[in-house]
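Accompanying notes for the structure given below.
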C-alpha cells in the first residue's frame, strides 16, 4: 500500500508525468487531465481515473525521475551522464564520495541512493542558497542521513575530507580544485569533472598533468530516443546534442 | 597497502591497461612493457617500473574496468548502457533485482556492487556453461554473497521470485518472458530490455502492450571519446556506433 | 552590381537572415532590425544600415539558402541529406535525372543547379497544387528551362522517360514505384529513396530485391553544429536528430 | 555498350567492389572472387560470372566511388562532407571555384563534375608530388579540361585568381590564407575550410573576424549506416566518428 511520504509517479502519458510525495493531508491531485482523488488504500501499479475519465497510473519513480524533478536553482546533470559517471568512478554501496558543488542536489541524490547507509556523500557548495535547496531536495528524497552538506569555498579552504573513494567535480573552474581533490581522495582513486566547454576541459587537463594525475579520458554521452510505432518506427526528430564533456582521471602518489 | 586478493589496475598508457587480482604467490607481472616485481609493501597510487624502465601506475579499478575485463563467453553490455539502466531502473542500495540471462556476469557485477549487502540479485541463466562462468566472475569480484545464480529456462518455469524492485532482461527473445516478468516484479515497478535489433524491440512492445505495461521508452546511448591534446583536440576518428536498443516499461496491476 | 531579379541574402545575424529577390519596384526591406533602403547601385558584399542603425550584409545565397527558403507546402529534404545524395547518385553537369515527387521543388532546385543547361530534371508529382508550387519555386530560382514538371500518378502510368542517369524517389510508398524506376533508368544506374520510417525502408528493400537491384545501402546523416566562441566552444545544445533514412541501390539488367 | 576508357564498378558484394577503367587491351579482371573475362560487347547493368562462378555486376560508378578510389597520397575528404560543402557553397554548373590544396584530387573531381564545361576549378598545391598525382586522378576521370592545376605556395604568392564564386580551403594552416581568399572571391561569396582539430577552427575564426568575414558557421557531419536485414535490422556496430570540422563564412567588402 502507498504510505505517507512515498514518492509516486502519476503517469498519464508522455506529456503527463507527475512526481508527487504522497500525504493523506492532501488526498487529491489536479492537472490538465482533470482531478483525481486518492482512495484510502491504493498501491503502486494501480490505475486511478480523473474527473475527465483519464487514466493515471501509479508508478514507482526511478532515480531518473527523482533527478529530473528536483526543485532546480541550477542546471542539473542528465541521467545519461550520471549513469556513465557511476560506472566510471566505480561508485558502489558503502563508498565515501566527495561532491562539489552541490548544485540542486540532483547528483547528490544519485550518489546517496547508491552508497547506501554504510556510505557517505560529502557535498560542498559555496552558495548558501544552492546548498539549502540541495539539502531540501535530498531530505525530501529521504536520503539526508547519507549526505553531509558543507558550505565552503573549497578553492580557499580545501575539503577537509581525506581518503575518499572518488570525487565528482561540477564547478565552472574545476582546474582550481585539482590540488585539493588530490589531497582528499585515496591513492589511485578516480575523479570526475563535468564541463560544458572544451576550453574548460583543456585547462583541467593542464592542472591534472601538473599534479601527476594519469589515465585522463574525456567523453560525450549522447542519448537518442526511438519511437516504436507500427509502420512509423524512427528516431525522434530532435535531441539534446550536448550537455557537457565528461572527464576522468586517477590520482598518483608522487612525492611532492 | 595492497592486500591479498585486491584488484589492481596496472596502467602503463592507453594501450597498456591490465586488471589483476593481487596474490603474494605470484609477486610479478609481465607484459609488452616488460616485467615488474611487486615490492613487499606497495599501495594504490604508487608507480612501479618495469625491467624496460616503463612506469606502471597502481590504480584502483572502477566498475567499468571490472566489467570490461571479465572472462567472457558472451558479448557483454557496455558501461555506457549499464549506467543508463541503473538510473532508469532506479537501482539502489538494498534493492532486490532480477537479471536474465546472466551472460558473462558483467551486469551482475554492476548490480551487486550497487544493491550492497542488504540487497540481492537473482540472476537466471539457462546455459550451465554461461552460469558457471558468470558465477566465477562474480566470485572473483568478491560479490557472490549478493547474488543468487539460478540455472533455469525461465520461459518454461518462470522466475519463482516475487516483489522484485526491478528486472534486467538481456535475452534474444525477451517478448517470451514478459508475462513472467510481470509476475515477478512489484506493482508499478520498472523493467529493462536490451536488444540489438529493431525487430526485437517491436516484438517486445507488442508483448508489453498485451500485458498492460505502460510508459514504454526506447533509447540508444552513444559514447564519443574526445582527444584533448594541445593543438590537436578532436573526437576520436572511430567509435562504437551501436550496441543495442534500451527499452524500459512499468508494470500495471490489471486484474487478469 | 545587384541586378533586377538577383537573389540576395540579407544577413543581420544568425536569427536575422532574409532571402529576397531584388526588384527596383520595391527598393526597401523591412524586418525587426528596422527598414533598409536599397541605394541605386550596390553590390554583393556591401553593408547597408537599417533605420535602427543595424548592419545588414548583402551576401550571395548558397544552394542551402535557396532550398531552405522555398515556399513550402510539404516538408523538404535537408541540405545535409541532399548533398549526400548528389555524391552517391553521382549527379553531375549534363545529367538527365528523374525526381518523384516534386514536393515543394527544393530538391528540384538542387538537381537543376547541378545538371546545368545541358542536363534535364524530369520532376513528377501527382498533386496539382504541389506541382504548381514547385514550378513556381523553380521558376523564381531561374532554373525552369532545366526542369520538366509532369503531373502524373506514376504508380499507375509509369514515368514515360527512359535511360535516365539516376532517380530521386521521395514518396510515402516508394516500393510501389520500384518497377517503374527500373524501366526508366539506365542499366547499372543508381537510384535513391528517402523514407522517414524504418518500415518503409524494409518494404523498399523487398521490392528492390524482387526486381533484382543490387548494392543496397541505407544511411542516416547527422549534422551537428559547433559554437566557436572564446572560452565557450562547444556543440549546440539541441540538434535535428532524424530527418530520414537514405537508401541507395543500382539497377541490374535481368532478362524478365 | 561499354566503351574504351569507361569507368566500371564491378560489384560482387559489399567487400568486393572494384573500380576499373575499361580497356580492350586487358579484357579480364581478377580478384579473390576469381577471374572474369570481358565479352566483346557488354553493357552497364549486365552480370558477368567469374571462374569461381561468382556474379560480378557491371555498375555505373557514382561520384562517391570515383572519390574513394583515387590514387591517394594524402587523406581525402569524405563524400558525406563533400556533399554538404557543395550545398553550402552553392557550387553549381558554370561556377569558377578555387581549391587549395589539391591533395589527391578527390574534391577536385567532385567540383569539376559539377561546374561542367562552362565552369572552371583553379586547384592550388605547393607540393609537386601531390599536384602531379591529383592531376593524374583528374585526367583519369576525364575532367582535366575543367581544372587548372597551379603549383604555388599561396601563402607567399596569393592566388592570382579573382572574382571566384567560392573557395574550398583544405590546408593545415587555413588562417594564413584568409587574406588571399578575400582577394580572390566575389563580394558576398562563401568560402569553406576543412580542419580536423578544434584549435585550427578557433584560429581560422580569428583570422576571418579580422578580415571582416561574416556568417561563420561550423558543423560536423556524421554518417551512420543501417543494416536492413529481416529480423536483424540495426545500425552498423562501428562508424567513422570524426573526419573534420567544416567551417563556412562569407566575404564582406570593407574598405581597407
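Chains: A, B, C and D, in written order; residue numbering restarts at 1 for each.
The rule is simple: contacts are C-beta pairs under 8 Å (C-beta built on N, C-alpha and C of every residue); 3 or more make two chains touch, one makes a residue touch a chain.
Since we're looking at a predicted model, the values are computed, not measured.
The set of chains touching chain B and also touching chain D is empty.
Hopping across touching chains, the smallest step count from chain A to chain D is 2. For the pair chain C and chain D, the distance between mean C-alpha positions equals 20 Å.
A separation of 44 Å divides the Cα centre of chain A from that of chain C.
Centre-to-centre separation between chain B and chain C, using Cα means, comes to 46 Å. Annotation for chain A: residues 198, 220, 224, 230, 233, 245 touch two or more other chains. In terms of which chains touch, the assembly is arranged as a closed ring, every chain touching its two neighbours and no others. Inter-chain contacts occur between A-B, A-C, B-D, C-D. Chain C meets chain D in the complex at residues 9, 11, 17, 43-47, 57-67, 79-80, 82-94, 110, 113-119, 165, 186-190, 198, 201-202, 205, 214-228, 230, 233, 245, 247, 250-254.
Those residues of chain C that touch chain A in the complex are listed here as 196-199, 220, 224, 230-243, 245.
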